[in-house]
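Shared between the two complexes below is chain A, which pairs with chain B and chain C, respectively.
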Partner chain A sequence: MLHQTAILSPVMGWILIAVLGVLWIALGMYWGRKAKSMEGYMLAGRSVGLALGAATAMATWVTSNTTMLAPQFAFELGIWGMIAYSTASFGLFLFAPLAQRIRRLMPYGYTSGDFVRLRYGKIAWLIFLAISIFYGFTWLISMGMAGGILMNALAGIRYEVGMTAILFVCVVYTLFGGLYAVIGTDYIQSLIILIGIVIVGWGVLTKSDMNAVYTNLSESRPMLLSVLFPAAIMAIFNNLLFGIGEIFHSNVWWSRAFAMRKGVGWKAYILSGIFWFPVPIAAGFIALASGIFNVNVSSPDMVGPLVAARVLGQMGAVVVFVVFFCSLASSIDSLLAATSDLITEDIYRKMIHPSAGEETLRRVSSWIIVGLGVLTWIVCLPRIGTLATVLFFAGPMVGSAIWPIVTGLYWKRANSTGAVFGMLLGTAVGLFAYFEIGWFTASLIGAATSMVTVLVATYLRPAKFDWRRLDESQHHALGAEQ
Partner chain B sequence: MLPDSGHLSPPEFNIPDTNYTNSGQLKVIWLVEGEPSRDSEYQFELQQSMDSDFGKSETLYKGPDYATFLSGLRNGTYYYRVRIVDHAGNPLSDWSTTVSMVVQHHSLFLAYVLLAVGGFVFLLTVGIVVHGFLTTRDESLKNANA
Partner chain C sequence: MTFSVFFVGILIKAALATTAVSAVVLITLLVIDFRKGKVW
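For the complex of A and B:
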């Protein structure tokens, strides 16, 4: 259903898609030539340095979640929503020491699934895989949707067509280049995103009168300025814990921890958190200024691009289109690569074909990337909700993974019973909250339930884990010792 | 194309039957007879009021779009109506049937409880990471010195 008038012409939209699509595919193929081995394809040779490491983490986190969801948060939940969104940077800050620990404990690890399998055993591993793949898929869907919504709102390109175009471009260059292509394109995309956001932010700020913004909000959307806005208060820690859960469990971040050179990971994650922190504040402010520019917003997830494009005119709309296309591509490629790694390594190699050679694994990984792209395309077609409602449906699951991961990395006493029931109960109770209270509570309640479960299980049945078991290269030696 | 009489059937709202929100948000969608078009010669005027008879009302939107998203509403019952107008603002249809929306925010008590729970979970998580980082860093130093 057509609800909103476009700013750019469809022809201009197609020219931009074509230029950006060809650029990313060409760069992906160019960088992909480096990926000669499976380790190169999946983990970029474990040699990523600080600049590329920080850029890829930042660019991956500046996704539709930031450029489109942060304005939606501000538009729906006001000042608190804007602050709540920026707290997602805590996930990056807290993952910095975890990245160092992961690299030290698992110098030859491939995926977050490897960790859960070695640390907690098969049952926890299967539950974790279900959570992680479901989450990755949900994130992919939300970004495929975001691509379609964006191109429809900015250039009048039909939702289905725009969504197909961005998924196609990302699948092709990830297919050819693996993590080398993902990290390489992320670097350029992060530069474009940062420069674009400065241009857009500066443009909106210079054309905004703060008093007018305040007056407009207090008259037409008063609760957005209220410190006693219940839904917004609930969202603060919900979003923070959702961000932490996403980063702590997802193979997107673990694969980067494995891919970065020793000693680089923690610095890269701290730097990316610092660069990322102000982006949602700037993006959120743009949404709050929508009223004074008389921008009609028919869907809250489009408020950011619509206001920016309207305020900055045709050229501004082109900048906005490019920035948003880059932010979507930088996350879709990461998710395709990381989810494919997880399925190839944890399901195909570990469960189906343990003796598979590199060539077979590479072929399987490629088919999985294509399959994920097709599956995402099918689910995106009916446009099932707003970005927030789709993405936060995975909130209880990722929230419930925080404590099993963090205690598993630091506590010898953490055990598989706590991890299994922490993930199961956290997911169940969090989903109940999602439907009974609202999406802005589900991660928080899921994380709290999981935390209590893990603490109780650790107290009642403390384990005595040998950290050396996480390094699979030592398993032969350990077996000989026993 | 506009009919010669210039009088069109009023739009119809397409809003869920459960006219209730506890987060102060509402997407108002309206439909007209036939296919919607970007090149329409007419626009829409959407009004909001807290009186069912629209004694005191405000125009929320005037333009060609078929929906608008409202947020930040305070507790209360809100009434909406929409009509078709030309570009000069002259009415081309009667007002639509009025729809109402009740805004009743969640209780602040529940919000504070969840805020406290969230803060507690977050602080404990930070505590584990910081403590773990410090102790494992010491371990690696000991190993290095051993």
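For the complex of A and C:
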């Protein structure tokens, strides 16, 4: 069935998918030839430079959730909504010093799971893996769904078919190229996203009268312009903490910290935060113009593409389609690679087969990438909710991981009891808030509960952690010392 | 109390301008890394 609002013909949609799909797969296979070892496949040889490092962090963080949810935030929460979404860039800024410290403390580390295992022990590690893998999978689902929704809305391609196409392309090039393919394609995708957002944003801005937009909002939905909009102000803190929690704990960001050259990590994350900050505002404001263009918004997460297509016509729809495809691909590939690394390194190699050789690990990693793609496809088939409900369900979990990660990296006295109960209680109380109060409070309450728990546990039973224990290459020497 | 039309206009234009500059900076950084042989 053709979507009522489809602007592009399905043929044009398929042409764009084919061109972009072949391009990413070809580039992925080309760059993938550099991955001669498992370290090359998982961490791009630990030698990624500043340009690629900043671009991959920026592009990965510009997801379908940014390009679709930022307009939704503007549409539902107004001016504060756009600014609230931009605060997710603070996660990138704040991760910059962490990235440098991670690279220094763990020169041979592979995953965020490695850190939690070495710092807090097995129980905290297992809880962390459950949170991290669940979150990664939730993010993958939200983007698989976004791909299907986008292609249906813009080109009339059936939801299931569009979703299958984008997952297939991303699985194939990640499979062949590993992190080399992911980071290389991320660079090109980041440029396409930035340039595309400017083209669409500038086009909408020049074709709409700002005074008319403002007057329309003042009359029809004045709360969107209010400085004191309680739900929107709560969303700022929630989004800020959700963003910090996502970045601090997720292996997507840790793997990049391990992959960047020495001294590059902190610069790359600061730059990526600067690049990312204006994107939700530049992409989101067009939703505010929906009133004056009489756009019929059937689903709030489609408001951005619908307005862009209405105002800019076929060319606008093509640009929006390409930008969305790139923002989806740049995040799906990163998640497939990072989640596969986490399962391969932390579950297969550490728990099941410690003596596995490089060839076996590479084969296992490939099967996990394919398995993640198939599992995501199965869960995405029935459209289970809006993007916000899918994504923010993981909010309290990632919010509860902020304090165990930060205190674990900087504070010798932080202990495993605090980390374990911080994650458990933060998740439980945050989920209670999610269901009883609203999604916009869940991360905030989860992070606050976790903070209190970690601080109390540290005060009651301070540890005396030896930082050298995080470097597994020193474990033999440490054992001899003891 | 509401945001003024002036503030909203400036916010949007500044966001678009910064996004455009980001693309230029990203290309420049790649050229610099390439010259230093530090792309990968």
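Heads up, the rule we're going with is that the second predicted complex is superposed on the first by the 478 of 482 C-alpha atoms of A that agree within 3 Å, B and C clash if a C-alpha of one lies under 4 Å from a C-alpha of the other, contacts with A are read in each partner's own complex, and residues count from 1 in each chain.
Just so it is clear, a contact is a pair of C-beta atoms (placed from the backbone, for glycine too) under 8 Å apart; a residue touches a chain by one contact, two chains touch by 3 or more.
Just so it is clear, the structure is predicted and the values come from calculations on it, not from any experiment.
Visitor: Tell me which partner A:P97 touches in the superposition: chain B (first), chain C (second), both or neither.
Guide: first
Visitor: One more residue to check, A:V406. First (chain B), second (chain C), both or neither?
Guide: first
Visitor: Taking the superposition as given, does A:L381 touch the first partner, chain B, the second, chain C, both, or neither?
Guide: After superposing on A, A:L381 lies clear of both chain B and chain C.
Visitor: Answer with first, second, both or neither: which of chain B and chain C does A:A463 touch in the superposed model?
Guide: So A:A463 meets neither chain B nor chain C here.
Visitor: Given the touch rule stated above, what does A:L228 touch, chain B (first), chain C (second), both, or neither?
Guide: Both: A:L228 reaches chain B and chain C.
Visitor: Figure out whether A:K34 sits in contact with chain B (first) or chain C (second), or with both, or with neither.
Guide: second
Visitor: For the three-chain arrangement built by superposition, which of chain B and chain C touches the greater number of chain A residues?
Guide: More residues of chain A are touched by B.
Visitor: In the overlaid three-chain picture, which partner chain does A:V198 touch, first (chain B) or second (chain C), both, or neither?
Guide: second
Visitor: Quick check on my understanding: which residues of chain A belong to both its chain B contact set and its chain C contact set?
Guide: 222, 225, 228
Visitor: Can you check the complex and tell me which residues of chain A touch chain B?
Guide: 1-6, 75-78, 90, 94, 97-98, 100-101, 104, 156, 217, 220-225, 228-231, 233-234, 236-238, 240-241, 244, 296-300, 303, 402-403, 406-407, 409-411, 437-438, 440-441, 444-445, 447-448, 451
Visitor: Residues of chain C touching chain A in their complex?
Guide: Those residues of chain C that touch chain A are 1-3, 5, 8-9, 11-16, 18-20, 22-23, 25-27, 29-30, 32-33, 36, 38-40.
Visitor: For a test of understanding, state which residues of chain A touch chain C in their complex under the given definition.
Guide: 34, 44-45, 47-52, 54-55, 58, 79, 82, 180, 187, 190-191, 194-195, 197-198, 201-202, 205, 210-211, 214, 218, 222, 225-228, 261, 271, 274-275, 277-279, 281-282, 285
Visitor: Across the complex, what residues on chain B touch chain A?
Guide: Within the complex, chain B contacts chain A at residues 22-25, 27, 29, 36, 38, 60-61, 63-74, 105-108, 110-112, 114-115, 117-122, 124-126, 128-133, 135-136, 140.
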